[in-house]
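The same chain A turns up in both complexes below, where it pairs with chain B and then with chain C.
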Partner chain A sequence: MGDLELKNITIGYGNTPVIRDFSLTVENGQMASLLGPSGAGKTTVLRAVAGLLQPRSGAIIIDGRPANGLPPEKRNAVMVFQKTLLFPFMNVEQNIGFGLQMQGRSTGEIRRRVEKILELTELTGLNRRKIHELSGGQQQRVSLARALVLKPAILLLDEPLSSLDATLRQHMRELIQDIQAQTRITTLFVTHDQAEALMMSQRVCLLLNGRIRQVGSPRELFYRPADPDVARFFGGCNFFEGRLKNGVYYSQYATVAAPGLSANGDRLTATIRPEDIRICADGNRGITGRVQKTSFEGTTTRIWVQCQDRVFVVLAPVTDLQAGQSVRLHLPPDKIRIFAAEN
Partner chain B sequence: MTTNVTSTGNNARTRPNPGLPVIGRLVAPALLVVTVLFGGGLLLGFLQGLGYLPAAGMKVFTLQHFANVLADPDFFRSLGLTLYISVTSTAAAALISIFMALVLTSLAQRHRVVHFIFQIPLTVPHLVIAVAVVFMFAPTGLFSRAALKLGLINSSASFPLLTNDSWGIGIVCTYVWKEVPFITLMILSVLRRTGVELLEVGKTLKAGRRQRFFYITLPTIFPSLGAACLIVFAYTFGAFEVPFLLGQTYPMTLPVWAYKNYSDVDLLARPEGIAIGLIIAAVVTTAVVASQLLTKAARRRGLVL
Partner chain C sequence: MAAAGVGIAVLLPFVSLVMWSLSSRWFYPQLWPRQWGLRAWQYVFSTAGPQILAALGQSVLVAATTAAISVAIGIPAGRALGLYDFRGKDLVSVVLILPVIVPPLCVTMGLHLWFIIMGLAGSFFGVVLVHLTFCLPYAVFVMWGIFSNYNPSYEEQARSLGASAWKVLVRVILPLTFPGIMVAGLFSFLLSWSQYLSTLIIGGGKVTTLPILLFALMGSGDRPVAAAVSIVFVAPALLALLFSARYLGGKGIAGIR
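Up next is the complex of A and B:
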């Protein structure tokens, strides 16, 4: 148990910095998600925390103690890698007990603690299994168990579920959440999957191009994205421009009262999520448009609607619209997110 | 329409696999050559070893020649010397190779020059190295003369005996120099592929430097190291040219002794030479088979090789 604090760290390979001025705090006993597209630098951050990589500048503080100079084996943080990387020459039990064995724990203690972790990770009875006789999900759980058994202050999970199929992944998400809630190990969970990040933790940190773009609760990131890039990452696709005048935002698609914003006369970008746009039956509300194409996605249908000079993407449960058909769209003002002007 | 699509699909899937007879017919010529040359040679050798040498008037099958060889006290001296040379060179080469592989993995991939230089011994034949060793290390060799010129020794007789010596130093050194790159490259590929990542896992699981070496590196490289060592052992046990050039006149290694017997003017010594040769072949085959079994077992356990 302990908290993790990263202060203004910059990390690079060779001459190009990959992570710039990165700061993040994960409080004791919490699980935070580090979210970002592939290549954003998520693994790089975890490797720096684990001690496998030295940051150029900035401080890494684990459990209140600066960890910058410490080698990985002296840090109270354990990393679970994206590939399971189990020791192929050891069985399940030996893999899980490895860390304890390295600490010189007694055989009895190792057996007891391994047994407990096996139960926690739903691996009971597989003690003597060889690694190549395990399924992908089981291998991933052994990899997790191998880290958990050490009771580290910080647990670092690098996309542990990315190689599993959808059903198994959902089950493993719940398992990891349960284990985290039980053990209260401070956890930094890395993923490229926005839905996974939102469901896994109370705090999500979005990393784009080596910089933190927004940190907050899942709802904040989803409904109040800090900038158009963040909105885009969460599936936002409808952007339009307007002007602010006396606390009211005017655009050709909607008029929104924006009491919080004060930049008079500025052109500001706004967005609305595709599922928030209403297709209206009555003929006088909203804006007129023409259906370009539709795409059936199961529970919803994705509809592209041309309105004046912009195409809006709408997610709606209706399926009977045809290309070429005229529709009216209503953009509810309370669902429109206006971005403050960028400096 | 639908049937048409399915039937083409089926056709594509059930296109006849070339059966064993077809493959057999294809490789038969090559197989025949190999069988006749190697198998025939072995069979002829075996017959001669059993004393069937009509040219010399010997037409009775007997195990007497094997018995003669085994009863000869020189056989065990030769066997001892041969084992000493192959075990020592294999062990020394293995230790040096482990060290070299560790150094090379820690070097970045871009140090291609180092790798290139390192691979040179692989391309040089044993015979050439043996001759070079004679030129350089013999009492009349390059180093001896240089030492004499520099006044380090006062006669070429006081130069340490490094070739044709009783410890087989010249032979062992030649083998070590020649086999280190082979073993190192075998280990290196495993270390590069999984070793580096597993070591990182070891670090985050709090294993110290020594622990990582003994609990991760050694078990990771063990199958390929073992397989490579068995092959090197087999080679050094059966090879003739290096001990022939660099060894003493007595005792001889088994291959040299076998050759001496076989090429003796006395045709009666020939079956004994062959018998020794067959004993060597048995040891070499055992080592090579063991190497294959080790590799196979490691593959089954998912250890890449």
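Up next is the complex of A and C:
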């Protein structure tokens, strides 16, 4: 148990910095996720915390103690890699007990703690199994158990679920959440999957091109994205422009009262989530458009609607709309997010 | 069919060796020994027994030392060559293979002078050193191959789980590359075991390994005795091969990928 503090971290390979001026605090017992597209530098941050590479500048503070110079084995932070990396010459029990053995624990204590963690990770009875006899999901759980059994101050998870199929991944997400809630181990979780980040963590840190773009609760990032890039990353696809005048935002698609924004006459970008747009039956409200195409996605249908010079994407539960049909769209003002002036 | 063919090809020389060692009279146009007898084996076990035993011990000592040093150098060298790209990597591989390509006589003759100057000629360590010039390249090449298919993240995982650098070597790197280490060790052992020319020149008759003794016996013209000693000579090598045969296939190596 402990908190993790990263202060102004810069990390680079060769001459090009991969991570620039990165600061993040994960509080004791919290589950935070580092979210970003592949190549954003998420794993690099994790490796720096684990001690597998040295940042060029900045401070890493684990559980109140600076960890910059410490080798990986002396840090109270354990990393679980994307690949399970289970030692093929050891069985399940030996793999999980490896870290405890390195700490010089007694055989009895190791057996007791391994047994307990096997139960927690739903692996009871697989003690003597060889690694290649395990399924992908089981291997992933052994890999997780091997780190959890050490009760580290910080648990670092590097996309541990990316190799699993959808059903198994969902199950593992719930399992990790449950375990984290029980053990209260401070966890930093790396993922490129926005749904995974939103579901699993109390705090999300979005990393784009080596820089933090927004840190906050899942709801904040989802409903109040800091800029269009953040909105785009969370599946936002409807952007339009308008002007601010006396605290009211005017655009050709909607008029929104915007008391928080003071700038006058500025062109500002706004967005609305595709599921927030309403398709109206009556002919008075909203803006007119023509259905371009539709795409059935199971629980919802994605509809592209051409309205004046812009195409709006709408997610609606059920629809029998056909391409070419005329519709009216209503953009509820309270669902429209206006971004402050872009630089 | 194929297995039978391979079997015959492997066993045929041994059949004639065994026949030679058990014959007491066998002259030229005869296809079969005229008289059988155990004279050669009696000679090997009683008359020349202590001499052969001493040579056997010397051979084991030289080959085992050579193999141990080969592996000890082959692991870090193979790791560097397999995992990292660095300037001069091609040059290293050429230099490594050089003693294998150049006829051993040239290498040994060339080294002899320097070994005399350094006081290594005629010594046990000098013989081991000259054997290493032939064995080390094989050990390095085997370990190079092993480390080309090796995932160094295992080491990082172990470090993160609390293993020190030394523990990572003993508990992770060595077990992961164990099949390769066995193969490299076996190659080096067998290559050193069968060295004659280099042992003769550098050892100068003072380091009497089994091949040195064998050639002396063959020179004396006593074919049955030479055949019996030859069998004594191949037996340990065959044993070593049988013992480590399971590491030679791909199965043992596959696990580390």
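Side notes on the structure shown:
Criterion: the second predicted complex is superposed on the first by the 343 of 343 C-alpha atoms of A that agree within 3 Å, B and C clash if a C-alpha of one lies under 4 Å from a C-alpha of the other, contacts with A are read in each partner's own complex, and residues count from 1 in each chain.
Everything below uses one rule, namely that a contact is a pair of C-beta atoms (placed from the backbone, for glycine too) under 8 Å apart; a residue touches a chain by one contact, two chains touch by 3 or more.
Bear in mind the structure is a predicted one, so any value in this text is a computation, not a measurement.
Superposition of the two structures on chain A leads chain B and chain C into a clash. Contacts of A:78 after superposition: both chain B and chain C are touched.
Of the two partner chains placed by the overlay, neither chain B nor chain C lies in contact with A:296.
When the two complexes are overlaid on their common chain A, residue A:13 makes contact with neither chain B nor chain C.
When the two structures are aligned on the shared chain, A:103 is found in touch with chain B and with chain C. Once the two complexes are laid over each other on the shared chain, residue contacts for A:52 go to chain B and to chain C alike. In the three-chain superposition model, chain A touches both chain B and chain C at residues 50-52, 71-73, 77-79, 81, 83, 85, 87-89, 98-99, 102-103, 132, 146-147, 150.
Considering their complex, residues 50-52, 71-73, 77-79, 81, 83, 85, 87-89, 98-99, 102-103, 132, 146-147, 150 of chain A touch chain C.
Partner chain A is touched in their complex by these residues of chain C: 151, 153-154, 156-165, 167, 171-172, 175-176, 178, 255-256. By the touch criterion given at the top, residues 194, 197-198, 200-208, 211, 215-216, 219-220, 222, 300-303 of chain B touch chain A in their complex. Residue ranges on chain A touching chain B, taken from their complex, read 50-52, 71-73, 77-79, 81, 83, 85, 87-90, 98-99, 101-103, 130-132, 146-147, 150.
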